[in-house]
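Pasting the structures here.
There are two complexes below, and they share chain A, which is joined by chain B in the first and by chain C in the second.
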Partner chain A sequence: MAGSGSAHLRNEHETLLRVENMVVEFPIGQTGDVVHAVSDVSLDLIEGETLGLVGESGCGKSTTGKAIMQVPRPTSGSVQLDDVELTTLDDDALRETRPTLQMIFQDPISALNPRRSVRDIIAEPLVIRWEEEEGRPATSLWFERFGQQLFTRVASVVVKPMRFVLPLGAIAMVLWIISEAAEERRFEDQLGWTQLPAQIIGFPVLAIGLGVLAVLALLSAIWLLLGIFVPFGVVSKVLGDISRPVGLACALFSAATWVFMVWRTWNSLTGYSAWIVRVFVIGFAVASVVWFVVALTRSSASGATSVALALASAAALQVFYISGLDGVTKLAVLIGAAIVNLIVWRIVKRQLGLRRDELRARSEPKVREMLETVGINPDNALDRKPFEFSGGQAQRLSIARALITDPKVIICDEPVSALDVSVQAQILNLLEDMKERYGLTLVFIAHDLAVVKNVSDRVAVMYLGKLCEVADPDDLYAAPAHPYSQLLLSAIPKPDPTKPAEETPNTGELPSPIDPPSGCRFRTRCPLAQDRCATEEPTMREVAPNRFVACHFPLIGSDDEGSATHAGATAAGAR
Partner chain B sequence: MGAVSNIDRDVEPGPDWRGDSINAAATEPAFVEEAKLNRGGFGVMFWVAVTFLVTLTLAAIFAEVLPLYEFDETFRGENRDGPSRSHWFGVDGGGRDIFTRVIYGAQISLIISSVGAVLALVIGGMVGLTAGYYRGRVDSVITTFTDATLVIPPLILALSLILFLDNDANRRILILIVVFVLLSIAPIGRVVRASTLVWSEREFVLAAKTMGARNGRIMFREVLPNVAPALISYSLIVMAGLIVVEGGVAFVGLSVPPPTPTWGDMINKGRGDLDVAPHITLMPAMIMFLTVLALNFVGDKVQERFEPRESVL
Partner chain C sequence: MSDGPILQVSNLTTRFNTSRGPLTAVDDVSFNLSRGQALGVVGESGSGKSVTARSIMRLLPKSNVETSGTVMLDGVNLMELSGKELRGIWGPEISMVFQDPLGSLNPVMKIGDQVSEGMRIHQGVKKRDARPIVIELLRSVGIPSPESRIDDYPHQLSGGMRQRVVIAIALACNPNLLIADEPTTALDVTVQAQILDLLQVQQKGALMPMILITHDLGVVAGRTDEVIVMYAGRIMERATTETLFTNMRMPYTEALFESIPKIEYPSHTRLAIIPGRPPDMVDPPRGCKFAARCRYVQPECLESEPELTVGVDDGHLYRCFFPVGTPEGQAALERNIEAGLVSEDGVLVTVAPR
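Showing the complex of A and B:
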């Protein structure tokens, strides 16, 4: 038993998902050994069908499911979804097929990121798809939006200067007080506490200076903005779509520039009053690093964004190069740089934030619908974290996440194994409802035969990476044709405590998949094993209508291969 | 193969199972709220530690406007005097106010350790995340390089770099930062790598892959938020370690040159007078001890508080 072959596969035109001769092997370190996790498995599903995949732990059920999902890709064989061959698709093309093929996992808690809210978790498949589809807007479009925002922002600075200037002016004043105080300390000894009140009394005087500062700051900000963005605008108009490599090159260039700037600035500053400026330098350096990371890692960021961000951050540091300036002018330039940073940073943040909010708003109706469908109140659940839900509820969330992209096929990898019995029933019924409602096709992986019998239209029994038997669940449960199926069925505990437990025949250990037995893989535990089983691998064949078995000596049906009398006798004996 | 809908169910659900679960989130059991509350605050000691650190930082930043003495101002005839009202931490062998010098020394200690720790956090975090997420060959290459930095003795590295350069204080600071970053990348990278190895095994990472997420998205959106608490708390502890290492470097005279005060240098200078005036050594040592203790405490609490929660039910 436990053989290869594809006699059980149906006509290619009927099937939605078709797995042929799939092999998954994992190398063990550098030893050269491989784990034969799945060896030559063929499966098929008609639309709307549920295929139950059963077997012991370690038989390769989950690996089969994951290999169908292409995580990881199978070693060989073919997986066809809707006549599209998945195994040979490149990563990008595979991403496009992801929405039609989804998966539900065994441990509902582990399958949900504990750090994200339910809203984001459920919307994730949609968001990923949207970002893939429209993630990179045309550079010119992005620049237009960026430019528009920039100039509205500048205009608002001009119209309502107080909003920006006042807090920054306050900072400037503090800085000034500090620098003045530090200056005076050099000439006078031991002024101590008397120094500060004197300066606070001098507030009105400083306020006038503040006005001058504000004007200077505004001027330098505008100067910087014009200096950077107007040339950039011209360049981008002329060049049209700036490609990503160009953006990258610009970013690297300006990174080099600002490393140089920091170096120069650092060394040009002397004395301990310069510590404050050093803190600013470090702050800007950190801000610039953040910008680069944002610019280079955002998949939606176009080349233009990289250029803009890189130039802006370089410019921000450029001001420190003007170290010949002194006193008020220096502070004004500093504040000007702060304003530029603030404006650009706010616009970038707004862009990123807008995108996130837009995606959230777009996905929210669908997320709500899905949560309601799986029986969770969206008003309460949306902003919660997964740990606030019980296992059953978390599994509902997983189902909602799998359903949100309207998939055709869902692979359920032991979705109820981690749940208690009453919750299992709820989840199974929910899956049934979803299946009817959305016309799903399911691959249902489980080790619980009762569960599989409930949900499946067709059952495939797996043993050590191979298929043993494919049959209708009712037939299979009434009369298993494969000795392994029989062993599985006999292992189901009878829910009757008054009866003594039956002796379970032949519960050996599962052999190692590194070095599986020759011939039929089940022969080491099979009560009917003959010499032939060790030498010849059985293939799938139809022993009765719609009953496919990979065994030399099946328990039912005509046996035209092996010795009929022997098989009949042992079958009778085994029952 | 039976028709889709005609499957008999052995287990019938309760009549209102769906209604129940709709309200499940609304009528959350009391113990969930309780568990949330219990996780609650940071505790008094955390806030004491934070207050100490913030006070020290502010004092260091604004040292020049605070009513302190000059750090190189000498008080003749008061050499080695113990703590008094005019000299809170006493006076050192050169007749200088120890309290003032401790505050100015904090400038050096804090700037070197914090900049070093932040840079090491960013670089080590990226390195560890990459190694832990991609595994295999990427992992072994990165681990080889970071582990190679572990064999370099910090003092020798600092010494060799400093000897080739001049005595300028700012340049010394930069060199020390570079040395400390080089030395902290490996430990931080290892912690992050270990944590990433665990988290990227989780099914939500697999789920993200089956949803078609790219590697960068998975690393930054799925794995990093879970690794971050360990990363940040460990960086705080690394920062504490760097303060001590800076002390050690200063002790052998490789840190910022005098007269700029550093904690390690002050401890070193007080050695000779330990029998007659222990406060010269003990006062800066105490502040260093308290800073390191506070950083460790904050690090631990941050980790404890922000550890990702799995389930309370």
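Showing the complex of A and C:
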């Protein structure tokens, strides 16, 4: 078992979802070892079909489900949804496929955000979809596409060092202002000793701090202007298309400003300490360029962007106004700019929020309809939080959230495993109703064979990252063709005391997926294993109409490959 | 086997004091258990099956919990023992296997030491003398090459092997009673069968009474002599396993049984569901606790709660005015179908108001 091959796949133009030779591997630290979670699995689904994926824990069934969603992306292989190859899509294009490909998770409570109301949770996929379709407000488009990438990457890298740089910069600035004041009052003879440390510490810190902040400031200033003055609607769509060039222009402009900053600092230096300071300025200038590049190439996000924004604008304003003003005015400008920018920032955020609210209000009838469909009374559920619901109800909410975007395919990862038997039946029936009503195609992942049989049109048995058997559920359960399927079936406790529990053969446990057995992966636990199983990996083949098995010695069907060995194997198994 | 019951639980009641008021988790539970008998306790989550086990073990916290009733184990009332006396009971007299094997093992102690700990404390066995006994014990619970495994730590074992170690710990002092609380719920189906076989072999071999708590009717079917079905902290039905499965009387048992997807059913069989949710035990309904979800429900079920009574079959106890499979029950169901409360195929349409 545990073989590769794609004999069980159907004609390409019939299938809605097609997974071919998918491999998912997780490297273990720096050891060079790899967990072979999914090895060369091929699956397909016809529209309206339910594929049951069953196996022990650690067999890779959940990883398969997640890899179809591209979280994580498969190491190799192809996943096609409606003739679109998902594995090569970039993040933005993948987001656009999300409405058609949804997922329901095992633990309903932790799959729902505990801090948001049911109304928001159910509406969110729809609101995002509408935003994508109609074009978001210019600010939102710019910010969330290019702006967010650029801005938060810069900010996330800047904000952390700023914790150290800003206090130093503040001290330096105070020293600088004092020294300038002293100069104005012609006290340089008495206070000459303050000038050197002020310049050595102050200028480099200011150069880097203000330089990076100026970049942020320009980005944010343009972003703020767009947010305030550009109306929503058609214009936003046009702007959406050109948001990348606009963003690029912003970046270039701020880079120019930064160069100008460094140049000014450079030229403003005079006297015997100037060359020492210039060395520092060059060093920090190089360092901040490196920072900037690193920030753009590494993806991470920061929640402190608003703080950075305010500080940045303040610094930018200071850059423009700083010369020719006395110390007190400089401080006043600094503080004033920070306050003004925080206010503007809030206005823009509010504007974005209003747009969201408008879409949420528009989505409410649909949200109510969805809740009613899944059997939850919307009147008293909309404003509650997920943790106020029981497990079964929370799973209904998850289903409503998955259904609201009219998906074609839903991947259900153990959707009833965390639920009580009586509730499990309710959810299984609900999934069947939803499937019928919306013509859904389901991938149903579960470890419970009876549950899988109940919902599936086709069942795939997995073991240690490989497929064992693909068949119609009624056939599979009546006469399993793969020794592993048989082991699984014989292990189910039957609710019938007149049939005493079969003595289960102690076949041990799952081998490690880091170093899977050679040949057939099931051979170490297989009662029928022969020498051939260790050397040659079985491939998927049809042993009876519509029954596909990856085994050298299947339990059913004529074996033209080696009926003699099969007989021998059966005899060995009987021993 | 004939020397009378080894465990006698009578009128066991456990209340938790919650912020909303007292919550009766176990309400007047009584049962006996003889030597060599395996008792299954079945119910949904929140039905009080685990709290019953913990009340018998006296494992519940002291604050905000009130327990009353008597639990006689071999002539000793566990409810009256002090903390020190209880420690002498846990292990040699009564031991427990929990659901999560990793959570019940000490991660920084070798498994051999964990298995022998009870022997060393209760029976004064020296560590060196304990080693061969532990190896034998690990072998008997099906751990391969126990000579080398004895020095492993829990994280080096798989889930099934850990549960075997937990069972070895529970069996180390030859207890008079073993309580297994969902011992296989965290395990895979293939491993589950192995563990259940192991428990059965050990239990039958030592003639040790066992309480097997589970939510899975399939688990108790082949492996227990008697079954208690719990709901809302009460015993709803009690019968020998065979009687229960062939001749169930309690509508709740029937509903629970029907809601399980069965492997024999063809694919896409519509499952019979139990509508609604279990009652709120801080403010339980007046009549039968299952009435609101029952397809046999009659007006008097909502008014008064039926007693746990002996049915026609020997020793079959149930708590219902209109038991399944009796003329009264049939009549009640027909009345409900006529009134439109229940559809033709026996599904409750409207959940009865409280």
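Going forward, the second predicted complex is superposed on the first by the 335 of 575 C-alpha atoms of A that agree within 3 Å, B and C clash if a C-alpha of one lies under 4 Å from a C-alpha of the other, contacts with A are read in each partner's own complex, and residues count from 1 in each chain.
By definition in this document, a contact is a pair of C-beta atoms (placed from the backbone, for glycine too) under 8 Å apart; a residue touches a chain by one contact, two chains touch by 3 or more.
From a predicted model like this one, the values you see are computed outputs, not experimental measurements.
Student: Which partner does A:544 reach: the first (chain B), the second (chain C), both, or neither?
Tutor: So A:544 meets neither chain B nor chain C here.
Student: Which of the two partners, first being chain B and second being chain C, lies in contact with A:424: first, second, both, or neither?
Tutor: So A:424 meets both chain B and chain C here.
Student: Using the touch definition from the top, say if A:84 reaches chain B (first), chain C (second), both or neither.
Tutor: Neither partner.
Student: After superposition on the shared chain, which partner residues are touched by A:448: those of chain B (first), chain C (second), both, or neither?
Tutor: Touch status of A:448: second partner only.
Student: Just checking: does A:109 make contact with chain B only, chain C only, both, or neither of them? Give me first, second, both or neither.
Tutor: It touches chain B, and chain C stays clear.
Student: Would you check which partner chain A:432 touches, where first means chain B only, second means chain C only, and both and neither mean what they say?
Tutor: Both partners, chain B and chain C.
Student: A:57 in the overlay: touching chain B, chain C, both, or neither? Say first, second, both or neither.
Tutor: In the superposition, A:57 touches chain C alone.
Student: Residues of chain A touched: more by chain B or chain C?
Tutor: So, of the two partners, B touches more residues of chain A.
Student: With both complexes overlaid on chain A, does A:498 touch chain B (first), chain C (second), both or neither?
Tutor: second
Student: Go through the superposed model and pick first if A:390 touches only chain B, second if only chain C, both, or neither.
Tutor: In the superposition, A:390 touches chain B and chain C alike.
Student: Residues on chain A in contact with chain B in one complex and with chain C in the other?
Tutor: On chain A, the residues that contact chain B in one structure and chain C in the other are 390, 392, 421, 424-426, 428-429, 432, 450, 453-455, 457, 472, 474.
Student: Looking at the complex, which residues from chain A come into contact with chain B?
Tutor: Checking each residue of chain A against chain B gives 46, 48-50, 66, 69, 71, 94-96, 98-99, 101-103, 105-107, 109-116, 124-125, 128-129, 132, 177-178, 181-182, 185, 190-193, 195-196, 266-267, 269, 272-273, 275-276, 278-279, 282, 286, 289, 297, 299, 372, 375-377, 380-381, 384-393, 396, 398, 401, 421, 424-426, 428-429, 432, 435-436, 450, 453-455, 457-458, 472, 474, 546.
Student: Considering only the defined contacts, which chain B positions touch chain A in the complex?
Tutor: 1-2, 4-5, 7-13, 17-18, 21-26, 28, 32, 61-65, 67, 69-70, 104, 107, 111, 115, 118, 122, 168, 170-171, 174, 202-204, 206-214, 216-217, 220-222, 225-226, 308-313
Student: Touching residues of chain A toward chain C in the complex: what are they?
Tutor: Answer in residue numbers: 56-57, 390, 392, 420-422, 424-426, 428-429, 432, 447-451, 453-457, 472-474, 477, 487-501, 503-504, 506-510.
Student: Quick check: in the complex, which residue numbers of chain C touch chain A?
Tutor: The touching residues are 44-45, 142, 144, 158, 160-161, 188-194, 196-197, 200, 215-219, 221-223, 241-242, 244-246, 255-257, 259-263, 265-275, 277.
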